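Data block below; observations after.
Naming follows writing order (A, B and C), and every chain is counted from residue 1.
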Amino acid sequence: MAIIAASGVEKIFRQPKRHAGFGGAIRSLFSREFTEVRAVDGISFKIESGEAVGYLGPNGAGKSTMIKMMTGILVPSSGTVEVLGREPHNNRITNAAEIGVVFGQRSQLWWDLPVRDSFDLNRHIYDIPAPRFTENLARLTTMLDMSSYIDRPVRQLSLGQRMRAEIAMALLHDPKILFLDEPTIGLDVVAKDVVRKFLAEVNRDRGTTIILTTHDLVDIEEICPRLIMVDDGKLLFDGELKHLRTALGSRRRLKLEFGSDPGPIALKTAQLVADEGAAKHFLLDSEQTSILDVLTELGSGHDLKDVKLEEPDIEEVIRTFYQNKVQAGAVP
Amino acid sequence: MKLAAYPAFTATAFQSRLAYRNQVWSGVFGELVFMFARIAIWTSVFSTVASDSVDGVTLPQMITYALLAGPVLYWDYSRLLRDVGTAVKSGDIAVYLLKPLLYPAYMLASHTGNFLFDLLTVTVPVAIIIGFTVGLVPPASLFHGLAFLAFWALSFGMLFLLTTILGLAAFWLMTADSLDWFFNSIMILFAGGIVPLWFFPDWLATIAGNLPFAWVSYYPAAIYIGQLDPSQALTAFIIGIVWFAVLLAVLLWLWAKARHRLIVQGG
Amino acid sequence: MARLHVVIPALVHTFIRSKTEYPGAMVLGWLSQFAAYGSMYTAISLILARFGSLGGWVWPEIALLLSFHLLAYSLGASLSFVQFREMEEKVRMGTMDAILVKPISTWTYVVFSGLNIGYAGHIVLALGLMGWSLTQVDVTWTIQSGLLFLGYLVSAAMIVAATMTMIGATALVWVKSNHLYQIFFGFWELARYPLNIFPLPLQILMLTFAPLAFMAYVPVAATLGKPVPLLGDWASAAALLSGPLVTLIAMAHWRWCLRNYQGAGG
């Protein structure tokens, strides 16, 4: 059975309308109008126990809103969300005890107190038995290298140290699912790397299900075999990262290098996009076309030196995708 | 910086208040409730005495006094206190040293904007409502009316100086919150905003009548309803001006010290 | 999930530890608030000294009313005011989200992770004034009437905490709700005078939709055996029941607001 199931989920926010300028300010003294914002628009997916899923999308795509519905903070406007077989909002406390949540941009640690004090308070709130707490704390302290700062006030920590502490705090009670909202935002390269390796390890070795939102693809490449991509509240893609290219219709590039310029070459299986004489670039039409097909069609008799197949950069694929969408939207 | 720039701060402060409509409505409500409490109290106690007036003051005069001494003259200084106190505590005040302006004058300009905003959106509507429902009295005479205007200007300046001095004191003293409470405790009694000085025991009235706080609420409101004759009013005005000069000197001295401290110690 | 008898002390302990780094500021806060209330009460006593009574209440009776008002307020507000005034900020900054993912009642967490010890000055002043006024007023105390008086106090404190909760909860839906505290403090100001000095519509309002008359006037009048407008003989029972009733309404409102919580709005 799926550990998380979302079906036809929608979330609509009401926001007061603002009027610009002096007259507008006077006007809003007396009137109150609302605009409706559809942050999540008919999303369905299922997540199995032990999966690591990346929830990807640009700002305002409704990623955080979806996390908030799965953690019981928000109630869907329509559709259903089930986490561990329960509706999260109505079973908020039971649900909260079995999940861990990390918000990248808002700390759950007590600002003026040492890290250890926040951990200790969580021990009471989550009712963690003392031996298990000690064991988990020791393990997490080692894995995340926190021993040097666990007794320092949170306000003195670097962002990277704080994020490690946040993640450790969310794992102290051995949650079945770990939700992370933008866990690597603002971190430097080294800190990002530590967080990614750690999360991948927690998922692999302890079987903790991980759902993370991000707009950094490297997070997904290193932690999450599965990707859910959203934009404008709608689901764009759900599947393995390597299938994303095909799904989004992007094509692989094939580069053929010859000893000498063989002259113009036209092929049915591949489309010539750039001709540098001795080096020619082709686009492969579909995932089914293999290099072998191309080479077979090309036949022998050419002074072929090297064959290079370039997978498109995933970052670029997504960027192109969004750009196309913006352009498409610009045309009335 | 040219003097002409300061009115611009006044206008900006006025405009930015328009964005908070709920504050306007709750401000009107708050002042109305305050006034109704005063009116109820004075009506109740005046009904227990046999004559129409107490210490030469009638009930309608007392209600007018309460409106003037409260909402009109004792404007919401805590916004100013918080502005100065927070700028001092956070060190943001150093930014003003980089700008070609005099910080106290900048504060005066922008809080004049706040004052005018509150006057137009809160005080005047409240006065109109009270005027129509309960009734207010005109000034005791033309002289008292004109004198009230002069005393009103002095009152505004006095409360501005007291508050700004207090805010700058946050440099050396406590948090702005505690200062606000302490200042309020003095003003409640000595400004005469709640209870006019003529209801005080004589010794306390003498002390309060000579401290600068009385020029914020008591003197202007008492002159409006004619409790002081022209010669008393003139004396009070002169003493008020002296207090004003003293407080202005204190403010400028404090500001110089604060600047010095900022420059030498870097905040 | 969590055992409250362990979690609540742990929350309070953590909060106090996080505050006591600035003990000087805290003590000054107590002193300054003590001074401000003391000054206001002095002003009221000056009116009483000049006129003898207010609405048929003499100074010791008014002093009991004022001290009951302040004590009920500080007991209720220490559980609620600052915590729920910060609700706007919590919603805007998203810290409310972090509280909602904890396996503990949200109200319990908000209240006890910010249990305000800043009301010590209020409480000292209120107890002092109450102690003095109780020796001056004409009441014969029995165990029963003593318990009743305590019950009034608890009920009154409940009204304060419940109302503050409702205002704070409103921020969950409206994002802004702090201007409502200004309205609360308007009625709060009226609540410390004898209700019978106000016009009838206001009396009705303060006994129904803005029930702050039950915060001090009704229980103190019942204790002193003074006639209560509109309620008459029901004053004592109403004073006892109003707190629990407002609390029930506040609980329903709190749940409704949590269900309709929008976050900072997407």
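Assume a contact is a pair of C-beta atoms (placed from the backbone, for glycine too) under 8 Å apart; a residue touches a chain by one contact, two chains touch by 3 or more.
This one's a predicted model, so the numbers in the text were calculated from it and none came from an experiment.
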{"item": "Innermost chain, where centres are averages of C-alpha coordinates", "value": "C"}
{"item": "Maximum centroid distance from chain B, chain identifier (CA atoms)", "value": "A"}
{"item": "Chain A and chain B: spacing of chain centres that average the CA atoms, whole Å", "value": "56"}
{"item": "Euclidean distance of C-alpha centroids - chain A vs chain C, Å", "value": "46"}
{"item": "Distance from chain C to chain B - Cα centre to Cα centre, in angstrom", "value": "29"}
{"item": "Contacting residues of chain A [partner chain C, same complex]", "value": "13-15, 37, 39, 60, 62, 64-65, 68, 71-75, 89, 92-94, 96-97, 99, 101, 103, 105-108, 110-113, 117-118, 120-121, 124-127"}
{"item": "Complex interface listing, chain C residues touching chain B", "value": "24-25, 28-29, 31-33, 35-36, 38-40, 42-43, 46-47, 49-55, 176, 179-180, 182-183, 185-187, 189-190, 193, 197-199, 202"}
{"item": "Touching residues (chain side chain B, partner chain C) in the complex", "value": "22-23, 25-27, 29-30, 32-34, 36-37, 40-41, 43-45, 48-49, 54, 174-175, 177-182, 184-186, 188-189, 194-195, 199-201"}
{"item": "In the complex, chain C residues that touch chain A", "value": "1-3, 6-7, 10-11, 14, 17-19, 21, 93-95, 97-98, 100-105, 109, 259-263, 265-266"}
